[in-house]
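The letters A, B, C and D name the chains in turn, as written, and every chain counts its residues from 1.
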Amino acid sequence: MIKDGDRVLLYGEDGTKFLVKVEAGKKKGTHLGVVEFDSIIGMNYGDIVKIGKTNKSYYILPPTYIDDIFSMKRKTQIIYPKDSSYILLKLDIKPGKRVIDTGVGSGAMCAAMARLVGENGKVYAYERREDFYNLATQNLTEWGLIDRVELKLRDISMGFDETNIDALLLDVPDPENYIQQCWQALAGGGMMGVICPTVNQVSMVLEKMYELPFIDVEVWESLMRQYKPYPNRLRPVDRMVAHTTFLVFARKVNSFIKTE
Amino acid sequence: MIKDGDRVLLYGEDGTKFLVKVEAGKKKGTHLGVVEFDSIIGMNYGDIVKIGKTNKSYYILPPTYIDDIFSMKRKTQIIYPKDSSYILLKLDIKPGKRVIDTGVGSGAMCAAMARLVGENGKVYAYERREDFYNLATQNLTEWGLIDRVELKLRDISMGFDETNIDALLLDVPDPENYIQQCWQALAGGGMMGVICPTVNQVSMVLEKMYELPFIDVEVWESLMRQYKPYPNRLRPVDRMVAHTTFLVFARKVNSFIKTE
Amino acid sequence: MIKDGDRVLLYGEDGTKFLVKVEAGKKKGTHLGVVEFDSIIGMNYGDIVKIGKTNKSYYILPPTYIDDIFSMKRKTQIIYPKDSSYILLKLDIKPGKRVIDTGVGSGAMCAAMARLVGENGKVYAYERREDFYNLATQNLTEWGLIDRVELKLRDISMGFDETNIDALLLDVPDPENYIQQCWQALAGGGMMGVICPTVNQVSMVLEKMYELPFIDVEVWESLMRQYKPYPNRLRPVDRMVAHTTFLVFARKVNSFIKTE
Amino acid sequence: MIKDGDRVLLYGEDGTKFLVKVEAGKKKGTHLGVVEFDSIIGMNYGDIVKIGKTNKSYYILPPTYIDDIFSMKRKTQIIYPKDSSYILLKLDIKPGKRVIDTGVGSGAMCAAMARLVGENGKVYAYERREDFYNLATQNLTEWGLIDRVELKLRDISMGFDETNIDALLLDVPDPENYIQQCWQALAGGGMMGVICPTVNQVSMVLEKMYELPFIDVEVWESLMRQYKPYPNRLRPVDRMVAHTTFLVFARKVNSFIKTE
């Protein structure tokens, strides 16, 4: 049952979506009409809220992570679900893990990790720019995840405070300059992921990685294609995202095997 | 520090991988030589274990989910990481959720969900075939996830025992026949995913979905391409997986908006 | 040297393109200024034409087939170069061949074939709709290819006039209804191609093909991705064409091998 | 009607293919049995040849370009149809054109061009290695295309003999070293294509191109995916070619527009 203070997704008959915080006595104006929050409180998810005098309605849905990030305030390019989902699995993020996210940007990837590490895990999040730091703090607070995140306004060139970290995501404009610092923070066997939009960045990151005890180095890219969901005229959509980023993954070991 | 009974990944100099359970006094024979488990106990992840008299060695790594599923005993086609990762994000699986997985097969997807729902969540897992049911039980036990899973040897044509489920994954040969049962089990606003290897299945599933209060119906496919990680000769690999499955997603609502 | 009556491509400093017919005494107005055709006559391809009093200029280029089709008058969806190029190779179109194109639409594919069959080949082109027939006639005339094409305003349900055809392209809304007629027109060993935007059409076409002596049946789709051509920030473009059509190919034989 | 000396494709019931030259009195041994060429002479394409005393048969088909290149003797990686088809269209190869192909390798791309330029066109083909030169000569002779090709055993570092060339394909291990020579050979407005298997080559080629009057610089890659042609279980194949080469295209102009 929906309570005062809950975040809900209004899903319109026309497919439009609004993510709102339900507050008693307040309302949300939309192009279909005004939604009175008092009429939502006490409803169940999956129910329909009618709009005042018009015949228009919205479905009331619980927001998913994907709803959250496409509705949030942001100042930066976000990591798309096609990429963030694979990163989460590859970095083996799960309840109880201690992980690093840097740079934080608007906080979307940080949130993705924080959701999964649960109450017993922790995300250490480093961001250099104050405006991003503030925005991420605001977004993570709104999502109720701030307690699982230790946000730091900090340049990472001097390294991280933590060691023995399970996994680390590096998402900065010049990732090739921080590979050493990442290796330092990771636990033996820890997983590292790097966001590299250009092939030149991939090459530079690989070169730096090979100078340190990293193994299982992999480079991936993900293409997702959507279909028009018409049973009798089923076909892919006309246009799709062609590229977001290349993904570089590696695993820290404590030293290289010496081959004599 | 690695203890007796831990599961570890042996990662060879030559890139080969063996996932083993470390048991005091025992050993594992490999093509590079014999690994004595006693020499691993007390080591740290990321360390190197030397093999008897040869010069060969293995890195000792903590197994990730991806390591687990590619090492497990299986009798069925598994859902690839490119797909399972997107399903987990799209179905919004996270600590505390109550979800259904059916059919279970070898248990890989069930394990992926169980890892993320944590100790306070639950996976209800339905499997019709006894041999798969037994294998999944065995695999989930080995992974230490069996306590989060309620495995049932059952045909789903009569429906599920649970209601008000947060998310459900349907992975059976004839998914079009169980859409009604899935709708019944889901909570309002709950997420549904369907595995459909062929386009014909997609069409049939869509037709059935449109007969029930489902919204936000989407069809996706995921292509992941790996690169040869050579900084100065960077290029995609020669061959890749062309297809595993189409993914159909939808969201349950309690009833359709009536448009007069 | 460019002569009165030549068709040339004006390629602007800003990347814009205009395909014009150079006519003595005339001119072309563009957003960069007015191009006097008299100043182009006598120039060479690859030269630069300055615009009147401004500092703007255009490169003068010989139009390619791709320039032609993206500049032509059209009323129909065209077959994209990624698809038409593969069709031309797969159908083995080359000088001297006798081929059928139907439906003709705006004439782009017909032109592609006519260019390659040369003066000793022939394209038999069937179009049902008079407006398309007229438009195709006009386009093919403008491109100087009309002599190689025999355009017919005709429904193909009664079949084709020709037999012993080397290759045939079927591009109509209901291709599954004309497979028999196509088989009839083709020579033994002749190549057939079918345009099928939806998977449902592919299934229906395949079913019909298997009822007749066709072998080597193949279904393909082509994805082409462009890159941002920056040497130091090389990466794919952000968005791409996700789908145009599936391509079905088959080869006529005179009868099936009987397997007793 | 098939005559003595014709090249034909034997297409087996089991999908196997043999490209043979029919010679009176001779025969071809295959895993299905021996094919007597005398029994083929006088048949029509699309007919069936029975094998001696067995119940096995072959279809007799006219070889296409794709049949040719997958049956030829080769010592080099060939350019795949997905790429060669797009190159041919993009470079605007058609009857009457004068084009350059270098390096020639086994001669497949040279043949593709020679087929299309027809009797009034010409392919100037440069190859540095004598073994490739000999093999290409042999293959082009077998395909009956040698008269349209001027094959030269020559290093291209000193440039090409020809000028005013309509189109040029550069396919050598170090393409970045010959961009100047290519510009020299091309006509104003002429089209250039470069084969670059790695991203590093793409970057280097782009850098060199930008130093010369080339415009309309584009980088592409082509992915083609095949489907299992089962009408009721239609789906892509399991594995596909992930990468062959990147394609760089540009157009020569005589000089750059000066922007003051």
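Everything below uses one rule, namely that contacts are C-beta pairs under 8 Å (C-beta built on N, C-alpha and C of every residue); 3 or more make two chains touch, one makes a residue touch a chain.
A quick note: this is a predicted structure, and the numbers were derived from the prediction, not measured.
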For the two copies chain D and chain B, is the contact made of the same residues on each side, with over half of the numbers shared, or of different residues? same
Distance between the centres, which are taken as Cα means, of chain C and chain B, whole angstrom: 46
When the C-alpha atoms of chain B and chain D are each averaged to a single point, how far apart are the two points in Å? 44
Centre-of-Cα separation between chain B and chain A, whole angstrom: 21
Any chance you could list the residues of chain B touching two or more other chains? 199-200, 203, 225-226, 232, 234
Drawing the touching chains as a network, do you get a line, a ring, a star, a complete graph or other? complete
Counting only contacts in the complex, chain B reaches chain D at residues 197-200, 225-226, 232-243
Would you tell me which residues of chain A are touching chain B in their complex? 11, 13, 44-48, 55, 57, 59-62, 64-66, 81-82, 84-86, 88-90, 92, 94-95, 112, 115-116, 118-119, 187-191, 199, 202-204, 206-207, 210, 213, 215-232, 234, 246, 248, 251-255, 257, 259-260
Chain A residues within the chain D interface of the complex: 199-200, 203
